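Just so it is clear, A, B, C, D and E label the chains in written order, and each chain counts residues from 1 on its own.
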Amino acid sequence: MEGLFYMAAVVAVGATLMMLTRQNAVHALLYLILSLLAVAVIFYLFGAPFAAALEVIVYAGAIMVLFVFVVMLLNLGPRAGGLEAAWLSPTVWLLPAIMAAILAGEIVYILSGPGLRTAPAGEIAPVQVGLALYGPYLIGVELASMLLLGALVGAHHLGREARSKPETKTHDVYSDVAGSDSGGDLVRAGSDRTSGAA
Amino acid sequence: MIGLLVRRNLLFILMSLEVMVNAAGLAFVVAGAGHGQADGQAMFIFILAIAAAEVAVGLALVLLLYHRYRTLDVDVASQLRG
Amino acid sequence: MILVWLIVVLFSGGVLAWIAARWNEAAARWISLAAVTADFLLSLELWRKYSAGAHFLPNGPWLVDFNAEWISIPLAGVNIHLHLAMDGLSLLMVALTCLLGIMSVLTSWREISQRVGFFHLNLMAILGAIVGVFLAVDLFLFYFAWELMLVPMYFLIAVWGHERRIYAAVKFFIFTQACGLLMLVSILALVFAHHQATGVYTFEYADLLNTPLSRGAAFLMMLGMFLGFAVKLPMFPLHPWLPDAHTEAPTAGSLILAGLLLKTGAYGLLRFVLPLFPEASRDFAPAAMTLAVAGIVYGAVMAFAQTDLKRLVAYTSVSHLGFVLLGIYARNDWALEGALVSMIAHGVSTGSLFMLVGQLQERTHTREMDRLGGLWATIPRLSGIAMFFAMGSMGLPGLGDFVGEFLVLMGTYYAGHFGLTVAASVGVLFSTLYALKFIQRAYHGPNTHQWKIQDLAPREALIFAPMIVVLLWLGVYPQPVIRTFQPAMQAIQQFSNAPGEAPPR
Amino acid sequence: MLKLLWLIPALPCAGFLTLAFFGPRLSRRAVALIGPGVVLASAVVSWSVAMSFFLAPPPGGAFVQELWTWMDVAGFHPKMALYLDPLSLVMMLVVTSVGFLIHWYSTEFMAEDEGYSRFFAYMNLFVASMLVLLLGDNLLLLYLGWEGVGLCSYLLIGFWYTDPANGRAARKAFYVTRVGDTAMSLGLFLLFTQLGTLQIQDLMREAHDQWGTGSKLATAAGLLLLGGACGKSAQLPLQVWLPDAMAGPTPTSALIHAATMVTAGVYLIARTHVIFEVSPTAQFAVAAVGAATLLIAGFSAMTQWDIKKSLAFSTISQIGYMFLALGVGAWSAAIFHFMTHAFFKALLFLGAGIVIEACHHEHSMFKMGGLRKELPVTFWTFAIAGCSLAGLPLVTAGFYSKGLIIWNAYASAGGSMVLWLAAVFGALLTSIYTFRMIFLTFFGEPKAHVVKRPGAAMKIPVMILAFFAAVAGFVETPGFLGHAHVFSNFMQKALPEAVERRGLGMSELGSEAVVMLAFLAGLAIAYFFFLKKPALQESVTEPPVGQAVHRFWFSDWGMDWLYDKLFVQPLWWFARINKRDFIDSFYAAVAAVTRALWVVLRSTQTGRLRWYAAVIVAGTILFVALALVAKP
Amino acid sequence: MTAQDLTALLPFIVVSAACLVVLIATAVRRSHAVAGLVTVAGLTAAFGLLPAAASVAPRAIGASGAGALVVLDGYGLFFIGLILAASVAVAVLAYGYLDRQEEHREEFYILLLVAVLGSMVLAASSHFVSFILGLEILSVALYSMCAYLRDRAISLEAGIKYLVLAAASAAFLLFGMALIYAEFGTMNFSYLAAQMTAGAYPDRALVAGGLALMITGFGFKLALAPFHLWTPDIYEGAPAPVTAFVASVSKGAMFALLLRYFSSTSAARLHGVFLVFAVIAATSMIAGNLLALLQNNLKRILAYSSIAHMGYVLVAFLAAGDLGPEAVTFYLVAYFITTLMAFGVVAVLSPAERDADRLEDVEGLFWRRPVLGALLTLALLSLAGIPATAGFFAKFYIVAAGASSGIWRLIVLLVVTSVAGLFYYLRVLVAVYSQPAESAEPAPRLPLASGVVLALLGILIVWLGVFPGRVLETVQLAVASLRF
């Protein structure tokens, strides 16, 4: 159990670091997906299978796909590599690295306090999560749907083709992502799709 | 968080943002697991929704930036100063 | 109720003038003139009624009292009243305000030609705010009127001023506002100290009078309030705003600035600082008096050094107000009476000097003394009047200023400050320097620039005649003024002496 | 008749008001009528008051007429009241009479001057304020007259304002007198705070009761009053302004700088004599100042080429005599000398006026000469006045009054041999420069041809004054010459008697004899130097030492240069460098600092996204650290 | 979800419904008037329903195991009312403003309604989840609103900056919440308060760290000192009505939550947090006032002044005495009105292609458009704290609160910096009253609705300045309910 956790943690951190240093956007994306999967494993280990599943499906699946889609759309690929190199001179790295180190130190200090219970108390089944979602957090779900609606309308407005400049249509991708997430209130999701078409 | 400060490509900034939010989600799930409550995971789900919304608007902005300046370097868009 | 009328008449006059200006500008001037004269008559009527025997109302040394609910916050127990009250001191001050108000309207008859309506609105607003300051007895209302005074004055300087008006207006505003806020902090500290002692929030002057304060806290509060007033009465280190504000303000503006705004500072010291913090004022008195004398001497020397007429007259006000400050802090009967008389005399004499310089500027379009000279030949009557008021501001016996200065110096001497009295008398000597330089450069000497300007118009004579009469009357028979101020001064003395310490007779 | 006392100052005041407001519109004839007319009326009233005063002297030797209470502030209640006693009576008579004569004279002297009405307005104002000074019942009212007189002297000296030099002289006069006035006002404060009143009579009683002789307070008050007196009467430390005051028209010099104003100091000390009696040191100071001034002025007078300046110095020295008299306690002698001096000095000035007018405004005596034949009346009157000034024995008033003072300088309580010697040497100097003046202007070959003969209006006043200059002396004659004490008896009621001290080394006769000798010696020297062999003058002034001494005396013993360096230059220097008010720069500095801060902070707004993010992260790190470190 | 819960939530429901109606209406047929009308109607209806919700108050909704998500008490309702009123004003101003734009105009109203919903949730939230959700709804809507006018480069830039920085600060905020949740096991403010006051928590560092991280989130949203760098750029970049919304409603809602969070969890007593807030308040007052000194872009000046004003409110917040919360609430009311007025005038003046935010646009305004000039003067005077304006009494109240709890150093700093503040308000005033440059192009016609709103705001400023009594009572009622 312990070994698997540490291994997953190392993979996650390594993948993120690799993601940062890549010039090529696609490579970076792939590394990011890898780190997300590692995080999903950690979730599982902490007894949150439902969260792990969600992490894989929604996070790694939909959002990263979205990124890949945009990268493909703007075919950033290798061509942009040359530019990136110029921007990543070592001196640029110095200041942020120091800050990151200090912040990391602070957080480690905070976490090292006595209060944290390390061992997971046991598995929390998806049913409990579902009950919580539709018990006290019902309003949260409703609000999340409004949140996604706002994001949808905003993205639609911004993404719409400008009158003068050429542009590709990208907005239909979002609708299904937003739809799948909110889960419960399918009715609203349905209406989004229709508006998207207009 | 380092990506946010280092990379000038807006896309990379968005990706590092995603990592940061995800980290927070992880912290919540672990805390929830620690206390044996489902609240952590519920919170995680909401964080997912938030991340998704941010990404959606973020990428829309990326497209706009690309069409306007043909590049994703975020420092191009820094006319507002002083 | 008459007190409220005093303020309402002015403000409504201003608004009416602004509206009337839409159609014809002369109407605006007439309306504001009518408003101020009405107020002046009101104050005279009040004076006649109350100068006979100063009888007090039950709740303290007031002649007339008006109290109305204003802001009441039941939960927190804060209730601020619209409490206006008038005693001898404020009665005279209101009369002076109205008199100079009439003068300022008359002088700006021809000088202000564009945006007349807005000008008169501001003019009336300032006068109303000043009357408010003189009558307010509720500390919050006082502070409200005090801050309200600044804005119209700022507009007056910024819109109708001369070359560097923006700089001067902003400098004026920031100087006064900075110390005004300090005053606000000390007022609030006092209110909360009172709250701690008695458990009730009140801004009433009467209740706050005897709040038990620790020595250190009292000194700090007193200092805050003192600074708030000292900047208005340009005390020596805080005076640089005055010359700029005066040089750049239109004649009516500098008339009101010199005649009234400086008096609100002195009034504040008399009404609030001395009675509210008796011991602290007593400890602070020597320092304040030294600063006052420094102000007298420095003001006089600086006046001597100026070549711009208005700056010269501005510095004279610094010097004259130094006397007032000296008198206030000498804290005995003569000094206080002297301070009051010289306040009124200064208002009249410096006000007229400003009007004269304004007339001169209207005719010769310059204020630089070097380009003037030898005007006596072309405008003998105006020069004669200038000579009269220059003598007045020099403290020639027989005119108002002398009575004030003599009493102040006597009071200071009696209070045991021999050195200060000598220095102040040297200050008076320097006042001769600048007065004669003013006469010599502007009126005597050869007519180098062949000025051909027309002499005093009847309207202008109408302005200066009352001023000459008042100054002479003050010089020769100041008794009515002194008698009216007597009871108010008694009250201030009695408040400002720490219990047990006999008034320094 | 005494009730009309208030009319005396009121009449000239009314004259001033009418002339000031309606002057320009009135014709010259009307102005000539109003100006002197008013002063004549005032003179007539004062004579009638004097008559009734003699015939029915009011109880207690003084009459007080209260007009109104000036101010009443908790214990300090000066009243506007007029006080008449022998001292102020004599002064009043002299001022009004001599004033009228001079007014009459100036109707013609100023005939063609364009500021005609303005001149008479100022002259009337002067007479009015001088009368207020004399009749003032309390020191504050006296101070009012005092400053009024100072103002008029400023206005009149600077009368021809077109020439800046006159302006400067006028301002100098006013500044110096103002210095004196400040000292006097300090004296007033001291007196009031110590004795509780400024009403002169009560003041004198209080001073007598409360202060023992030699008390420090009395000395301080005395010295301060002496300071005021020196300022006004141009005595030693503050005498620089009188010679320059000659820039004004001659009638003003005659009226103000000879007869009346300059003696205001004498009047003040005489009026407050109790204070000086109480503190001998103050009294001695007065004597010392008097003696020193009369010598210095005497020497300077000898070296002047301008006739009016020479007369000015002679006035200073004569007032020195009066101060000497006051200093030694011979109060009535001082007033007696004042009276006689007023007559002959006014006459000398008027004569000089005629001479200047005659020689086409020529002031230098060396350019005049031999005017004896052309201006006979002027010559004779001038000669009488000159002799009276120099002290021609037995005939002239000057001899009696100066003789009395010189005798008292030795004989009276405060007197001493040194003072007496100084007085006698002064008399010698006086006769030298007087006769020098007479010989230079009236004798020798005529250098300037006479342009204008004096008209009747100028001749008659001069003749009347000449008569008084001669006759006025017999009122008070010394012991061996008929021993008439009319004047001193009359003054008895107001001023204490001069008390003889014991062990006198010489008799009054001896002192008078020595004075006569001095007069003759002076006459001889003057004759020998300035008429017989003019060449002799060069021989004295040629050698470097003589030249230095000459220049030193000429410039009023270098006092002018000293004061200029000591006070005037530093003030101008400070005014020049500090025109911009250095305190202002302090606030400008504050503004500059805030501006610099703004520039620094503005640079943080780079507009680059990553910089903003970096600042946020840094902020977070800082606050987390702060939260962790801070104690709970 | 009982009937009372629903009535309590009525305002939220109405606003969401309005948002959907606008969505559907635009889908059917794009018409600007309909969208605008529905929005305004929706908001006013929600405002109307407040008393109904108040009848049921105080209701804690979702009060099962995890503690109430949202609590509708007097305090929350007061702020919701304030937000709704302000949003109506913004909507009307936006209508006038957008009328002149060729952009699609209807989406703006949807985003506006979403943002309003977000801020309402914030004002009423008493749980981390509702807190973060409300914040994110508000922020996401604002990202798009800032970048709404897509053809303007500066709008795009503002949008990007706001998104990235808001997201980053949200991440920090979340992490802080996670730490506190890890420590206490509950996310509800009242439960947290109970545990914190009990002082039972072993791991002090964890809580302090968590709070510090959360402060970053608060600091960013309220544009307090170290986190203020984004404010001027976003204010200048975003269209004027959006800036008005950001400056007023979003800050107000956030401060409402801050006040609720800290006064309920009494965390402010922790010396560490008090010190942090004091430093923030001081730096924001200084930075805010100094940065604006020689600015000549009106919106940037107002941005910096809003930083400074938030510093002043923080001072009142730190004055925890009985007057503290009242002073904060009253100041926020006055601040809302004044900011809306100031930006409203800018919005009304701006032509189609760019915002009229340069000082030259305001040159001699008083002589060209006396009414607008007077209103702008009123706003500036109120910001400066001159008597007879709401700002004066608000500032007076803050100094009073500060004095009552004796935090003298901050009070003196407040006084000194507000004097520096005078300088740049006067600079603008001077421009308004100087001679109008002939070249100034004629300002666009004043749409009636915006005119009415601005006039109303003007009256409110004066009324609050002279007779604040009435409003003070309602404020006190609201605040009383805060300390349950």
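Here are a few things to note about the model shown:
Keep this in mind: contacts are C-beta pairs under 8 Å (C-beta built on N, C-alpha and C of every residue); 3 or more make two chains touch, one makes a residue touch a chain.
Quantities reported herein were computed from a predicted structural model and do not represent experimental measurements.
The set of chains in contact with chain B as well as chain D comprises A, E. Path length between chain A and chain C in the touching-chain graph (shortest route): 2. When the partners of chain D are compared with those of chain E, the chains appearing in both lists are A, B, C. Taking the mean of C-alpha positions as each chain's centre, the chain lying farthest from the centre of chain E is D. Ranked by how far their CA centres sit from the centre of chain C, the chains are topped by A. More inter-chain C-beta contacts link the pair A-B than the other of A-D and A-B.
Chain-level centrality, scored on Cα centres against the all-protein Cα centre, points to C. Averaged C-alpha coordinates put the centre of chain C at 38 Å from the centre of chain D.
Between the CA-based centres of chain A and chain E the separation comes to 30 Å, rounded to the whole angstrom.
Between the CA-based centres of chain C and chain E the separation comes to 43 Å, rounded to the whole angstrom.
Averaged C-alpha coordinates give centres for chain B and chain E that are 24 Å from one another.
Of all residues in chain E, those that touch two or more other chains are 66, 129, 133, 136, 140, 143-144, 147, 150, 159-161, 164, 168, 179, 182, 204-205, 209, 232-233.
Contact of a single residue of chain B with at least two other chains is seen at positions 1, 4-6, 8, 13-14, 30, 32, 34-35, 37, 39-40, 42, 46, 50, 53-54, 57, 60-61, 64, 68, 74, 77-82. Shown for chain A are the residues in touch with two or more other chains, namely 95-96, 99, 103, 106, 109-110, 116, 132, 137, 140, 144, 147, 150-151, 154-155, 158, 162.
You'll find the chains touch as A-B, A-D, A-E, B-D, B-E, C-D, C-E, D-E. Contact residues on chain D toward chain B in their complex (touch as defined above): 602, 605-610, 613-614, 617. Of all residues in chain A, only 106-107, 109-111, 113-116, 132, 135-140, 142-144, 146-147, 149-151, 153-158, 160, 162-163, 188, 191, 194-195, 198 touch chain E in the complex they form.
Contacts from chain A toward chain B in the complex involve residues 16, 19-20, 25, 28-29, 32, 35-36, 39, 42-43, 46-48, 50-51, 54-55, 58-59, 62-63, 66-67, 70-71, 73-74, 76, 80, 83-84, 87-88, 92-93, 95-97, 99-100, 103, 116-118, 120-122, 124, 128-129, 131-133, 137, 140, 144, 147-148, 150-152, 154-155, 158-159, 162, 165, 167, 170, 174, 177-178, 181-182.
The residues of chain E lying in touch with chain C in their complex are 322-323, 326, 367, 381, 386-388, 392-393, 396, 399-400, 403-404, 411-412, 415-416, 418-419, 422-423, 426-427, 429-430, 433, 467-469, 472-473, 476, 480. Contacts from chain C toward chain E in the complex involve residues 70-76, 115, 140, 143-145, 147-148, 150-151, 154-155, 158-159, 166, 169-170, 173-174, 177-178, 181-182, 184-185, 188-189, 191-192, 195.
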